[in-house]
Structures are given as C-alpha cells and as structure tokens.
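Presented below is the structure to which this report refers.
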C-alpha cells in the first residue's frame, strides 16, 4: 500500500483523491491546498487524511511515499522538483511542464534518485485506447497511415493556457503512446475569437518518418461537442467516438490497393465487416493508479513515464512555435537538439 | 428556351442532360461524345437530340446557344475556349481549368464576346447552402470566425487529379460564395498511401483578412463517409451535415464573450436554442440551370461566374504549391500578381 | 429469357419495368396502362415494348410469358386471376389480395395450372433481410424471442388502404419469411387523426406458439422517419436500421441468463462484441426478378410464393378484425378454419 | 428548512439524501436502514445525520418533519402509512403502492391529517418534461393525438416487479402529468424470456377519451438502450430522446390536413422547421425537493401528489390484469368503481 499525498484540491484533485482511496493500492495520507474551502471539502470526503495548507508539511511527512500533483501548469515544475528532492515518487498532471528544459530536468532528477516520475495522460488508460493500443501492437491495423482527431466543444475557456495546451495535449499523449515514435515536424495555426483570451481554435498537422500524418482540430468555440478520431491503417481502420456511450471503438475491414499494372493504374477497394469490441468498464484512473503502484514497486518505468511527458511537452512547444510562424512547419529534431 | 449541347456523356454528363431536359428553360439539341457506347446510352434517354462524336459538329450547330462541358479537367480549357470562340455560352464542370493562366484567358475571352461563362459549382445551388448563404447575408451569424469541413470517405480514387482538386474544390466553391472575399494564404499537406496514386489525404488551412480561418480535411481513404461542416460566427453557429436526410442545417444560438474587465478576465457562454429550418427539396441542378438561363437572357453575371471559377482555381493552385513546400503557407496575393 | 408484361405504369410499375429490363433474365414485351400519359412515359423508357391500354391485349400476346401487376390493391385479384387463366405466370404487388378467400382462389388456380404465383414482398430480397435470414437459419441468434419494429414517417397517406395494409404488410412479409411459422393470434389498435382518412396509426402485437412475440408500430403521422427493428434471440440480438446508409444490420452478442438456483434467483448479463457485416449492394428487385425467373424455369416455388402471400393477407385480415374489436386478440387458427 | 428522514439507503436513497442535503430547503436529520454497511456508507456522506436501524426511531424524532421512502415496493404502504400516522409528510418512491386499495388508503389518510403525500415521479421534474409540459399547456402542440414511447435496454432485471412496474411506470407518470386526464382502457401483453424471472418485455396500448392513444414498448432484454418518445399533436410534434446529451427535445412544425372535399379526398402535409430549445441544467431531484417543500409550507398539493400516485397505480393494475387476459383491453372506469 502506497501512502500518497494530493497537491491541489480544486477541479481534478478530488478525482485523483477519490480514485486513490478506491484503488486498493494507495491510501490518502495528506492533502495540500492553500484554500480553506478546498481543505474543508477534502475533510468531508477524506476524514482520515491530514490536511495542510503548505506543501512542505506534506513533503516532510514520512507516511507519504508519492505525491499526485493537480495544480495549474505553471506550478508543475517547482512542485514536482521539490517532491523528487524530498524523495517522493511523482504523478503529475498533463502537460508535465511549461518548457522542454524543465521537462528534461525532472526526468534527470527522477533518474538520478531512482524515483518514479509519471504523467497523468489519463486517456492512455481508458478502455478505448487500451483496445486501440492492442490492435496496433498486434498488427491488426497494418501499417499506420494517419490519425485524424476532432476535439471541439463550447468552453471551458482556460485563462492561462491556450486550446493546444488544453485539448491537443490529449491527442499528443495518445499518439505518443500508440505510435512508438516521435514526430519529425509539426505545423500549427491558431486563432482567438474572444478578445483578450488565449487562442481558442487550432489546427495541427504532425509529420512522422515514413509518411504517417496526424491532423488535429481543437476548438473551445464550437456549437456541438465532438470527440472523434479516425485512425487509418493498411489493413484496417478505426473510428473512435468518445461521445458514444457504447461502441466507442469501431474497427473497419476497409481499404484500397493499387493493382500496380504499368498502363492501367487502377485502385480497388476492400469493403468488409465492421466490429465493435465490448470494452471493459474499468475506470481509467484506477488502471492508471495501479500502473503507478506497479512502477514504484518494481522500479520499472510506467506506461506514461517522464520521458513520455517530455516528448509531449516537446510537441506542444513545437506547435506553439509553428503558430508564431503562421503555420510554418517546425522540425522536432532541431528542437530536440536545441533543448 | 435555350438550345444546349452537352460535351461528354460519361459520369456527370447524363445528369446535366437530364436536368437540362427537365428544366423548362433549355432543350437538349446536341450531345457529343467520342464513345459509341456513350452515344447509344444518350440516344435512349434523349431521342430528339443530335448525337455527334466530334465537338466541332456541335459548335457549328446554329440551334446550340450554350454548351455544358462535362469532360476530364485537362480538356476543360481547350473545349471552353473553342466554344466561346464559336459564340456559345459555356457552363463548365469544376474545377474550371488546370491553371490560373488558363482561367484568366477564359474569363477574358467571355468578357470580350459578352458571353456567359459559368462554372458548375453545384453545392452553391443546394438548398442547404442557399440557406446558409441567406443566414450569412442577413447577418444572422454575426462576424464569421471559421469554416471547418470534414469531407472524407472510401474512394473513388481519381486517376488524374488528387483529393484536393477532387474534394476540397467543393469547399473552395462554397467558401468563395459564402465569404465574399478571397483568402490571403493557404497551407496544405497531402499524402498518398496507395502506391502510384495521386495524394488521397490532405489537410488545408486557409487564412482570411481579419482573422477568419478555414480548415479542410479531405480523404479518399477513410472508413466512413463524413460530410460535416461547422461554421462559427460571433452571433450564431451552424452545423451542416450533408449525410443527414433531413435537418442538414442546424443553427445554434451559442457563443462566448469576454467581460473585458482588466483584472479578472472571464469568458461567459451563451447556450441558447437550436433550430433546423425546413429546406426546399428543389434539385440543385435545376436551380443552377435556371441561373444559367437567367444570366444568358439578362446578360448579367451568374452566381458562380468565370471569376468565381478563377478564384477557386487560384486556391487550388496555391494549395498544390503549399503541398510541395511541405505545408509552408502560400500567399494568394503573390500568386495573383504572378499569374 | 422470360417475356414479361407490366400491368400498371404509375408509381411502382416503372421500377418493375426498369428492373426487368436490366435483369438479364427478362425482356419487357408489353406495358398496359389506361392512362395515355403513363403510356407516353413508358414509351420513352422502353421504346421496344408494345404499349396497350387494355389488359386483354397483353394477355393474348404470345410473347408474354409472365405478368407483373402493379395496380391498386382492389384490382389485384381480378387481374391476377385473368392472367393465370390466360396461362401467364404472375408476380403481384403486396398485399396479394383484399381478402383471404381471394388469396386462396389464386393459390389454387396457380397450382391447378402449374403456374408460378409470386408476391412482390420486396423487403425479403434486400441484402439486409437476406443477412438476417441467414443468421436465423444458421442458429446464430438461438431461439427467437421477439421482433420489434417501428416503421413511422410523415405521409404518404393512402386513400384506399389504411396504415396496416400499407406499412405493417412489410413486417408481416419479413416475419413470414424469417420465422417459418404462422402466428397464433394478433391484437391491433388503430386510429385516424385526419378526418375522412383511413387509420394512420396502429400498434400490433403478434403472438406465436412457444412464446415468441412481435410488436409493430406503424404511423403515417410521425415527425421523423424511423425504420428500426430489434430482433431478440437467446444467443444474439439484431438491430436493423434501414435508415442507415451503411451498417444497416448490427449483431450483438448480448443476453441474459438465470442461474436457476432455488433460493437466490439471479439474472446475469452477457455483454459481448457487436459486428456489422458488409452487405451486398445488389438491388432487391434484381434478386427478386431472378428468383421469379428461377421459379418459372424450374417449376418450383419461389421464396415469396402465393402461399406466403396468402399467410400475409390472413395476418392483415386478423389485424383488421382485432381493430374493430378494439384490440381484442384474434386467433389466426379460427380465421383459417373459417376462411 | 424542513427536517427530513431518509428510509432506505440502498440504490436510490443516497441520491435522495444527497439531493436533500444540497437542496437548500431541507436538512437530513435521520437515515434509517437495517444494514450496518448501508449505515456506515451513510455516515461518511452525512456525518451530521442520526443513523438508525429501525424506522420507529425516526418516526418518533421531533426534528423530522417529513420522510423520504426509498425501499422495495412491497414495503411502501406500511412505511408511508406509519409515517403519516406519526404526523410526518411523505415523499415515496414510485410506484406508490402495490395495490389500488392501498393507494386510496394513503391518499385518504394524508387528506384526513392535512399532510403532504407526494410520489417520486422523478421524470416529471426533468427539464425535458418541464419543457414538453409547457408546450402542451400553451397549446403549442394543438390537440394531442398520441404518445409513443420506447424504453428498452439490457438489464437490470428486477426480482420482485416485472418490466411494466419497473419501466412503464415512468411513462404512466409522465402521461398522467401531461394529459390531465385518466385513460379509459389499457391493453398489455408481456412475456418472460428468462426462466423464473418476472416478465421482461411488454407492449401496452392506452386509450383515452376523444381518441388519443399511447403505446409503450418496455424491455429489459434489448441489445441497445433506447429512450425515445414521439408525441403527436395537431399543430406540432415532439421527439424526446433522453439518450441525447443535448437536444433532448425536438419540436417539429409538421402535420397533415385533409382538404375535406367530397369527391377528391386529399391529404396535404405541412413540413416546417424544427427547433430544439435550450433546456435548464437543473437536476430533477432539486426541482422535486423544492416542490415538496413548497407543498408542505403552503399546504397545497404538489405536482405529483398522492392522487397522481393513485392514478399511476390504477394504470399499472389495469395493465397487469390485461396481461393475464392475454391483451384483452381492461376498462379503467370499471376498475375505479370496483376499487
């Protein structure tokens, strides 16, 4: 049983605390939040936990083996670094840090101290993405051609990050997990249609070695909520619609092939069956916390480790740079070397 | 009653011929196609029409006032130019020509001869786009923010044009009609996943003066057919789903506004009613042919005139150039001056 | 090649004529319709066919082996009987006749003369129902529990038949084909909400030996068009949505079983995968006409023979009687004996 | 502020307790449940409440003004009667009682003691049904023609009540609220496909004076979850789809009218716009508890009072009797007189 401390009891912290309490692998020892109201809410739900206003009180607590950080992005680096230096394992909200350099530092610090550094890329632990991941690894989809995602809705406008850091980060984390390779370049265009707000709409194109492409459409100012991803492969194709209550993942035995004859180049189509596998109903956060516990206990890397968190921050940074260049593609190789 | 000749009786020609015959404003005088099988099919459906293998026989026919050209793209320029030079009005398939220079020449030739030059941008004449156009013109949507279109399906792979010239052309025509302004720059990335075939997937970002953006996602290799466009405005937003048999156009009274207070910048949301206006069931081709007849008889420009056709070809050419530059944005102003 | 005559060239006749002409197994020899306008339309589409105003001219024509009857219901019996007496095979629109007695007479007349009598239960020949039929015959669904159909839309109000004879007849034909047994009783309630019109809304419950039930909801006065059927079996269940352009048939590996323990009766659920088989794109009418030709040539019964037509008319008659009895269930056994 | 006691802390009780605690009009004083585990869960969520195993301890508690009963159906009558006799106001789960006679007794007892007796017909308090109710009362739908509901899913099989008492009760409560009149007769057929279980599938037809009809399709053994209701009126029609996360209520300006000319009876259709009003996001239970408080304080009848509960139980009893008669319609008038 791992003793955990929760830093931040605002919007997401209560979910982490509840999930930890129900996980069977962790006990909530300490909850830290500067707001008295937040601590009061925490006390009602977690009467056995110690409530503190200051993080240092948590970091010096011997019953705390690991901290879960659910605070605004700009505080992630300092809090995670302090926790690592206090010898605590760390699970931090996505995006891991504000800059690539910070991400590198955290990864190095954790490695030096043999501590687990994990990022809360929650989608990776959903039954839907677990299923897609299996399909990819078993070669069911064949060669991957593209990943096309529409993630739009009305609100919530964030104050400190734009729509790329708020929504595209989910796709970056999923792509990092599914594809097993970093992209070579990213183009992105973003716009703000609400005066004084961060960009609320963006389109991103991500290039991979070998020709695979990804396209992301993220928007806080859409009339309807859409969470739809098409994944194309040479053997099969997937439609992942997260708004469906059932049949979130549909797998299509469809594709096209060329007959390759020199003088009469013709493309033929394969239109086969579709199937929608029954998905587990296990909560993603439970799977994630069990993975965190497994990594801590075994001393091996978790599925969404600090390096994954770093790669996602690199993608976010490249996308931001491309936006400033009005969509000019930004190479990730260059960025990596520069970082 | 306008006497028309149909050039090309392959896939689309029969639709034009049928629509002309049923339009009440045109009579089908001559049909030209080099294939004996095509002429035989034409004879069964249009027993009163003269059937010729050679276009010249049509162009010298006094009963033909106007020609409708439904042939492969690379033949459009020569056929349209010949028809104009023979004193015929012209309605030509989209895209109007293969190059911007050719499009300019056709526009000038038609102007010189006071002939109607019109492009078959069919979508502009659909009840759905007529409705959206009205909303835009009446200011119902407020300032336009974005146009976001997903136009994907499995096949049909074209042999001579890529997916941009085949599918994105529809959106370009719609955008040209709706927005009343040409874009300033286009970024596009395309990929081919079937050996030896033109690009089958592309993503385009189109920039307008004043910050409006458009994003197009076109694909011949998708598992499902999607025809969905989101149009965002400051007052209202539209979802146009062309796969629906009813309720193709939904108008949402939704949006976000900033309170503009200096120290506590907050965004508030407006979530109002949705309505789906009943749309006319009139066939787009009928509306289009009546517009062609109206333009010819009045000597005024049709809704989708040669200049519109030229603007769409300019957009296609800019997109193609951006693809070759791996997504680097291509200014349309530059292109215009260079052409 | 079978020489066919088409009786009636109004709404459905042109489809039968076109399908026959394209079938490769039939040639359209004669088309009969009293309306000069209808004959004129027929002449344009079928220039090689003889056009007559009077059916007798068709029935005495030696080139006509079989007649396809697409006229109002009240004329079916007399026309089909005359055709059989003239030695012609008959394919008649559904419902086959207005009364059970008439249906018996036609079946007997056809049997006496060794002629093929077939009813145009088109849905039985659709790829969707062919697929469901295979699933049932292969035991994929297990024991059949229920058939639940919603078939509603706005219009078209018929003048001479009510909504049961117009819409429920489709389900009766499908059920007759799928279940291989006649029902034991039918309850039906109908109502008319448009003054002076036949009943436009009805609900029917159909009871089968062994406990299987069917429920039909038919309505000409619904705001939206729904064509949805749920079929429940002990092993699998089917959702058939005819409004979908793809994935019309979805097969669910779902169900419930009782543990049968005496003191703690518990029901457990099976929630497995769903799959949607790729369906043939072959037109139902083509399959149907080929079946008609096969039956004529082999002298064996077609899939939807006169006896099936008779069973469907019996169901319609029982439903009508139950409506007059305000929903009191009407036994079909009694009805059969009485007829 | 009303002091409330919750009887039963199993599946639904926690929702009532939470809603009461958040309502601003009630305080949770006592929670009664014989299970120590249930009381322990209650203690965590409601630390200020007194926890008792025996209902008598609650009924003698002076701080309890009203009790909320969330126990199995067969216990409703005795518990509600005891509470009324102890001078407590009562809000009881639906269905109010097992028999019509019991329902009468409760209504009379509450009237005699001037206590509020209310039934938890939750759907009546949902924003969707509030909206439909307004439309009906303002005459927007015109004369009501029909109510057609499909309420099917896989599980949960109940042990002590069948699918009519479990699912159709929701529609009965909605209909009782919307139509302002009791039906005249009910036909119902039910079947059980899981050995030893109560009936899991049923179809009901409900007749009203003036020709209005309702049809209910309820099923615990369906492959998919459907919650769809069509409501037809002479002026407008409603589609209520409770599975939608937005646009649950769509209002169609559609209908049909007869031209009433003697010799050429023709029906014409009106196909107008659809709109989907923005619905409140207020939780139904909050609205319901506020209505309970309002009724108690004002001494006037709540929206879903004991008489409504009685009418719903009468409908359930009539439906059960019709099932035993294999669908023979059961008059409600007779039942009322007999009860």
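The first chain written gets the first letter, and so on, giving A, B, C and D; residue counts start at 1 in each chain.
Simple rule for what comes next: a residue touches a chain if its C-beta (ideal position, glycine included) is under 8 Å from a C-beta of that chain, and two chains touch if they have at least 3 such contacts.
Please read all numbers here as calculations on a predicted model, not as lab measurements.
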| query | If you take the chains that touch subunit A and keep only those that also touch subunit B, what is left? | reply | C, D
| said: So which of C-D, B-D or B-C matches A-B, with over half of the contact pairs the same residue numbers? | reply: C-D
| said: Using Cα averages as centroids, what's the distance between subunit A and subunit D in whole Å? | reply: 43
| query | So, what's the distance in Å between the C-alpha centres of subunit C and subunit A? | reply | 53
| field | Interchain centroid distance [CA atoms averaged], subunit C/subunit D, Å | value | 39
| remark: For subunit B, residue numbers touching 2 or more other chains are 224, 271, 274
| What residues of subunit D sit close enough to touch subunit C in their complex? | 145-146, 148, 150, 152, 154-155, 157, 159, 185, 187, 189, 191, 193-197, 200-201, 203, 205, 207, 211, 213, 215, 217, 219-224, 230, 232, 234, 237-239, 250, 252, 254-258, 260, 265, 267, 269, 271, 274, 326-329
| request: Write out the stretch or stretches of subunit C touching subunit A in their complex. | output: 247, 253, 271-278
| query | Which residues of subunit D touch subunit A in the complex? | reply | 44, 47, 224-225, 243, 245-246
